[in-house]
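Handing you a structure now.
Residue numbering begins at 1 within each chain, and the chains themselves are lettered A, B and C in the order written.
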Amino acid sequence: MRKGSVLSAFFGVMRRDALSLWRRRADALNPIWFAAIVITLFPLALGPEAAKLARIAGGVIWVIVLLASLLSLDALFRADLEEGSLDLMLTSAQPLAVLAAAKILLHWLATGLPLVAITPIAATALGLSPKALPVLLTSLALGTPIISVIGACAAALTAGLRRAGMLLSLIVLPLVVPVLIFGAGAVEASLTGTSTTQPMLLLAAGLVASIALGPLVCAAALRLGNH
Amino acid sequence: MNAFLTWLTSFGSPEKFHRVALRFEPWLLGLAVATGVVGLYLGLVKGPADYLQGESARIMYIHIPAAWMSLFIYGFMAFAGFCALVWRFKVAELMAMAAAPIGAGFTAVTLITGSLWGRPTWGTYWVWDARLTSELVLLFLYFGVIGLYNAIEDPRKGARAASLLALIGLVNLPIIHFSVNWWNTLHQGNSINLFAGKSSIHPSMLWPLILMAFATKFWFGASLLARTRAALVEFESGKEWAQAVLFGPRRPQA
Amino acid sequence: MPDSLDDSGPMLAARGLAMVRQGEPIFGPLDLELRAGEVLLIEGGNGSGKTTLLRVLAGLLAPSEGRIERAGVESEDLIAPLGFLSHALGLRADLSPLEQLDFFACLHGLRPGISAMAALKSVGLEGFERMPVRRLSAGQRKRCALAGLLHTANTLWLLDEPYANLDRDGQILVDRLLEAHIARGGAALITSHGLIEPQVSRVRRMRMEMVDA
């Protein structure tokens, strides 16, 4: 791969972020710890009654995954802005949307994917019906990348701010309402025996649209912060 | 399109905008009060009570126009934001940001009147009805735009960032609306709401509603112009025309 | 001081460039030209708008007035690619100089004929190639960023205070890098608050004054 090509820039950004993430792997695990703790809190708050927990397991896991994904968003562009490497990206000939796409993909690989991976354990712990588990996993696999895309756009808009955490949640949460509704709704539908095709297709459509548009919007937001 | 652009750019001069806005404001305010008073009189005093829901349904003369405005203003804000982003009009930036709190206000009115109406009808102040839930999400979208604008120190940068967020929200709005409706049918929610069965509305109820719809639009126009004007004067306080507006034609002695 | 020896157009030119922020003038309006094979030194005290000018020229900030041309073409986006050095050096604390250089090369392309190890050696970071940037001194970080310029293919450099934070040897190093760069047909625009005199064969200077409101 020739250095300085678009592809090498894409993988260069991914490799650099992955390296610095790996060197701070204790921080990188924060979303997982958060999810594990909150899942433990639910039975403690609601009581250990299996039927009750099983009834709400799908929705609870969806909400927790959503909140856990927000945790690492705050820092997504902060380092680039503060250390000045965003300037180096902007002064290179590479399209910023491609570089933003690399950052979004890495965010999903580092946050969304591990959360999907621990979902079977969480679902077992809360007693989710085994027949709903594949639906939950598929809906999360389709939905978490959308959360990463929308979250990255919001992170780009708030990148220059000192304390962006609360504002970031305020911006992201209403925008991801449809993802939560269709994701948790698909699990609910599979429990009540209705078809899950519609919410799944809608999630897939959302995923395609966010992959196509998200990096462009994210790049526009980053440029706004600079101009 | 070019004629439209020229027309927009002519508004782009802050001083000219200020002059034109100052002339239109009292008229809009007057029309808002006139249509509002007549509309409320027809709706609240003269019109018949709803044969199903009784007197409490009269709150719809505020609730429904406010709900229309909450969406209308979001659309307006996103459009002004679009103009601000594409053509970098300062006035468009300020207009988008001036519209946001007004829209949030109408959204809050919609939610409050909906909840007040819910008490006698549903027996509780809040149910997770599809329309009310959509309005609540809309309120959070407004808060996000206002919050982002206020958080960024440079007001022009803030306005452009918030405008982009408003545009993202506008794209998302139909999806949110659809998803909330889908969620409501999935969970078999309460189907009675303020808008139910209004397709064959009686003229005695339609007229006050139309008048109120106009009243809220006029009021929005007046309020928008006043807020934008104030923001412009604050923003350009160093310029001569703003000094003239603030202190009269003669500049104050340092 | 000869203005320019070659008859090709300027690599970078600005006409009537001015910046106003929240009603306060930051700099300008000013004109400038930068040709291949020369260093343009922008001198000015603190608050004279040097850093802002550099960011505007790099396309990182939109000017309030005026236009910028890169090789005769006016466009906001065509200004890139260029070698850019600012006070924030663009280094990530957890990465080693070697990894940094690789990242710069991925974005900006490789300069033929000089490996990352050789570039680091020539800026005096031999033996620090694999140490995280976090543990380097301010001067060493600056040297690492300079090695990045050396390692990547850009012909146009915009350097904000390249001499700051460097010892005497480091300042000589910057002179050497600039000399080699213009000898290759590159061009550099650098800023300085006037204490250090660049020892480069073809320097033109420009003075920026504080703009009164």
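Assume a contact is a pair of C-beta atoms (placed from the backbone, for glycine too) under 8 Å apart; a residue touches a chain by one contact, two chains touch by 3 or more.
Since this is a predicted model, take the numbers as computed values, not measurements.
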Averaging each chain's C-alpha atoms to get its centre, pick out the one most distant from chain A. C
Pair of chains with maximal C-beta contact number: A-C
Work out per-chain C-alpha centres and flag the one nearest the whole-protein C-alpha centre. A
With centres defined as the mean C-alpha position, give me the chain A-chain C separation in Å. 37
In whole angstrom, what separates the CA-based centres of chain A and chain B? 32
Between chain C and chain B, distance of the C-alpha-averaged centres to the nearest whole Å: 48
Interface hub residues of chain A, defined as touching at least two other chains: 227
Would you please write down the residue numbers of chain B that are in contact with two or more other chains? none
Note which residues of chain A are touching chain C in the complex, please. 2-4, 8-9, 11-13, 15-16, 19-20, 23-24, 79, 82-85, 87-94, 226-227
The residues of chain B that touch chain C in their complex are 154-156, 236-239
Which residues of chain B touch chain A once you look at their complex with the stated criterion? 137-138, 140-141, 143-144, 147-148, 151-152, 157, 160-161, 164-165, 168-169, 172, 175-176, 178-180, 182-183, 186-187
Where on chain C is chain A touching in the complex? 58-62, 79-84, 86-95, 99, 102-110, 132, 152-153, 158
Where on chain C is chain B touching in the complex? 21-23
